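Note that chain A is present in both complexes that follow, paired respectively with chain B and with chain C.
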Partner chain A sequence: MRPAPALEDPRGDPRIPPLAVEDLQVWYGDLQALSDVTFEVQPGKVLALIGETGSGKSTAALAAARLLPPKSRIEGHIFLDGVDITTMTREEVRVLRPRLGFVSQDAMAALNPVLSVGTQVAEMFEVHLGSSKSEALQQAIQILRKVQIPDPPAVVKLYPHQLSGGMRQRVMIAIALALGPRLLIADEPTTGLDVSVQAEILRLAIALRDESGAGVLWITHDMGVVAELADAVAVMYAGRIVEDGPAEVLFDVPRHPYTEALLRTLYDLRTGSRGERLYQIAGQPPSLQSPIPGCPFHPRCPRAKELCEQMEPSLEAMGGSRAACHFPLGTEVT
Partner chain B sequence: MTRRLMARLGQALLVVIFVVVLTFILQYVLPGDPAHALVPRASGAVLERLREALHLNDPLMVQFARYFGGLLRGNLGQSYVQQRSVVSLIAERLPATLLLAFAAVVIQTLIGSALGVAAAFRPKVVGKAVTSIDLVLFSTPSFTIGLLLILLFGFRLHLLPVAGGFGLLQLVLPAITVALGGVPWYAQIVREETIQSLSSPYVRTAIAKGVPDRRIIRTHVLRNIFPPILTMAGLDFAGLISGVAIVESIFGWPGIGQLAISSSNSEDRPVVLGVVLIGTVAIVVFNLVVDILQMYLDPRTRQGF
Partner chain C sequence: MDDAGEPIISFRGVTKHFGARVAVEDASFDLLEGMTLGLVGESGSGKSTCVRLAVGLERPTEGPILWRGAPYRHSRRRLKAIRRQIGMVFQDPYDSLDPRVPIGKIVAEPLRIHHVRSGDVVEQARATLAAVGLPDAPLDSYPARYSGGGRQRIAIARALVLEPELLLCDEPTASLDVSVQAQIVNLLLELKTRSRISTVFVSHDLDLVHRVADHTVVMYAGRFVEVGPTDQIRGHPRHPYTLALLSAVPGDHPQRRKLGGAPWPQVSEDVDRTGCVFVARCPGVQDVCRTTRPPLEEVSAGSRVACFFPLEGEPPEAVRPDSFPASAQPE
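Coming up: the complex of A and B.
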């Protein structure tokens, strides 16, 4: 893999987190999609952002990559490699893009349908390294080999629709990793893929993280993926982080009732016997149009009390993790 | 692939035959007497002999069989009015029509696409202006546009010849007249396609890759909207071959449209039929050509063909 020319040391300073997000708020018009979201991605580590549809996890990913649609509004800070990119112009961010790989869901739509795979991968080298067309194509073949695409010299001539879903997602990953980024943001990259293909993509992601030392922000709604991949986890609900911490701590001692409920869905799938009803979180996730006063989870929460309807809890450290709950699990209050 | 192509060719042939039959029957059943139109003040006996000579008294089936038999040998019959074959009459005037249609398509595609792309990028300022331009052009018929252009450039500014003759200077006004009718369509479709493309996931990917804006427009946006524009332009060109008749006669442009109108007035049925046939064949052939071109431009359609 060739390093980005802008960086003296391609691995960067190990003390600086590849991505740090502080008090991030995002509005779409009058609707607030994110409130006070704070997290950090460490070099060589995977932070999983998990939540239901509409929890704000994709918005957080797009905001961190400065890819939100023009009508949205951002407050707070996003530090890429210690550089605040929140208010940079598009062109200023563009120059930094080699450090920031982005893999989106649905590679079929995310790849240009009328350009060959080779053209789309080679574009990275043409644009950022000034490679000639033929040079760039050779570099594209190399990076495709790296993401374990069989017979890259043949694949570069193909178009996205001629590849399988798994291969397309590998092409997306190849593009994201082409210039050795410090940070990889993956927005539900395995959604819509077969389970066996999902596993392959996950293994590939882990191998590439170990090799490159890049930090990874992995967005998913799948607790199984989190268990497989994550070093740290942030659970999102209604545009907020309701619990975060090291993966093993969160899995062992979940503090927020929502985290616990998500884990139960996972264990049910793994250990549940046939014919048994799968565990399901009651109720609907809140919509942006009608924000819920107090703790946003209280209408669905089995532990909710009067306080939860009136006051929104803030993230508090407890044990090895942090949770935003008035009555967290494992600290029995009656 | 060849089988698909053969099926398409068969379809095309059926369409041509159908249009020929329909036009033939229409001319036969519509009121009017070519012999009378030819020699308006002739006596009954002369007219009768003329009808006999032109085979107008034969039953429909016999007339049709004769015409169709000639068609198979590439013979479109003789003009009633001019003592010449229809083929030579059309051949003489076809280049003028092709030139006019081609010039018009090029102008309308370029202007329309430029307006459409500009409107997509600057929806507030340019977009509103383009919408107004579109509205005016949509609602103005080509003969009005033509006459206005003649007034302005011909009689006021004395910049361009008003009418008559075949040449590049004479081409300018009719070509612009025809093109202005097509501009709003192109502007609207290109604008929609561009807006759609700009908000598409693949453009977001290009932004995430750090591709400069200009390159995004050139390689990612325009490459995607080019196939539909080309399809439109190809079909328009074919349609205009028989569609520029009115403009041709306003400007005295010596094309087949003008020929068709004058022949229609003088009941010169074989000539009218010939022009209709050429127009149909053009549309059918260009449909096919555009499909094949599309296949090369859009890799997704390649497999299906």
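Coming up: the complex of A and C.
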């Protein structure tokens, strides 16, 4: 194996963001999945990427972890812990793996069905820390305890199908955290889980973030999860970031009509009466196959004017956040 | 809604074992014509088993299931006749639609299975697709052309094409985007105002259940722990587990976070069924809870709770004993 690229270990240096993505573009064949995506994850903070299916949020997560399928094409820069990993080879990225933990939505698919939980968690320590088999197993038990798995010495002997969905997701988180990463990327880890299990995973994520000081990139389509977890938010639509900023600012003063629509959906769900129709964002989510000129949200936007059909707005700073909208909310002259 | 009719389907002390595991224990309810019953609980609580029992995919270990008052007999012919009256919608519209079959055929399939010859099959498929909000969908198009929401509409059309009396929805929105969830829930609400169809809506999302369900059953470890009018269950939960479920719903603003604090104790899947099944997690557990099974008893009009120490809340406002029909009430 090649030695690690020559660089100072910046672990713990608060000046270096665990993850910085600059002007990222991703294509799958002819389809552009990401356009000009730029964001940073700060140490000890959670950045939530929120969007619908096809918004590019998972592509951004996979790109940041260099896990995109081989057929994809990528431009721009991804800095993991200050190191540009955009054009690194697989082997070079592998050396940096310990700094990055990744939790995917489908734990059942991510875990190997024919290996015991203990073997899979212990492998991290054997491969990356050179621990002996018995040492690694002890380390595995320790990390499983940390993610609040009851009776870890018994659980290490089980196979993934013998665990509940919530337990499997905990094992995934244990694997992601095993080597004390600087960055945790979680791609919709609670989608499809029960609310009570989701609540436990969110509590766990908060506790681990506070304890480890790692930066977290959390992908979700649920504004409620964002409200609970996020320090900062980036709202994605049609492969772009259409609004970003501190979570409190976005919830208090959304600027982009799409952000506002997402928030209305959430408030309506929490406060509406029985039998009442749910607030519904008009129209259909955009399709990568047929990109449209102008602002990608204009066909669904109640504020759209002619300009929006012709010119794509760029992200502009306004009062503590940034939004890509020609006619942002809360800026009207009164 | 206000003139709910006869019970469509009733469980009377229904129990289902899978080997040594108790999936459903002593479940009783009536679902009245035109009403929607919400079934909530975490995975493994027995919700889906209840649905499978209702449609005859599983046979109860004990206790009868009644269709319009007559017990199911699990003969092929009887079940087929009952199933003609039951439409089913599943969680994942990517799994439940065959990608190689055009949607017109998918929707018309139940007509063929049940040899419905009355009228034009093609017309019926078209009309049903229109009724679920896909009036212009070409019958020869394939599921791949549709997004998750479109596919779930197609699945709902298939469930409705025989004009069933009962619609069973098992987590119909769990794998959909939030914006698409709203479309599907609104579609179910429309169906309810347009027809007398009865619906069972299984979900772990209490906010969604609250929108559509007149009455709600909360299940834990195979038992009904709280049953009552949905507004009351959401507004004044009496069982500690119901309260826990409600408190697990994320807040709606970073300044109104709900999920701080210590995590719940994790419990093993083998629940001791001697007493209350919730003892391992219950913050108010007493000795009696471990030794005696709490019966499902009426604590306020129409609301039943299986707990020796039900939570005290303010009395539910504007709920009179006669203000809602007695559907979903255990015997």
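The criterion applied here is as follows: the second predicted complex is superposed on the first by the 321 of 334 C-alpha atoms of A that agree within 3 Å, B and C clash if a C-alpha of one lies under 4 Å from a C-alpha of the other, contacts with A are read in each partner's own complex, and residues count from 1 in each chain.
Everything that follows uses one rule, which is that contacts are C-beta pairs under 8 Å (C-beta built on N, C-alpha and C of every residue); 3 or more make two chains touch, one makes a residue touch a chain.
Just so we're clear, the structure is a prediction, and the values are computed from it rather than from any experiment.
Look at A:Ala227: by the touch rule set out above, it reaches chain C but stays clear of chain B. Between chain B and chain C, more residues of chain A are touched by C. In the overlay built on the shared chain, the residue A:Thr265 is in contact with chain C alone; chain B does not reach it.
Legend: residue contacts after superposition of the two complexes on their common chain; A:Pro113 is shown touching chain B, with no touch to chain C.
In the superposed pair of complexes, A:Gln289 makes contact with neither chain B nor chain C.
In the superposition on chain A, contact of A:Asp194 is made with chain C only, not with chain B. Contacts of A:Thr89 after superposition: neither chain B nor chain C is touched. Contact residues on chain B toward chain A in their complex (touch as defined above): 199-202, 204-213, 215, 219-220, 223-224, 227, 297-300. Touching chain C in their complex are the following residues of chain A: 52-53, 148-151, 164-165, 191-192, 194-200, 202-204, 206-207, 221-225, 227-228, 230, 247-248, 251, 261-262, 265-267, 269-272, 274-281, 284-285. Those residues of chain A that touch chain B in the complex are listed here as 65, 67, 69, 90-91, 94-98, 100, 102, 104, 106, 109-116, 119, 123-124, 127-128, 159, 161-162, 172, 175-176. By the touch criterion given at the top, residues 42-44, 147-148, 174-175, 177-183, 185-186, 189, 204-208, 210-214, 230-231, 244-245, 247-264, 266-269 of chain C touch chain A in their complex.
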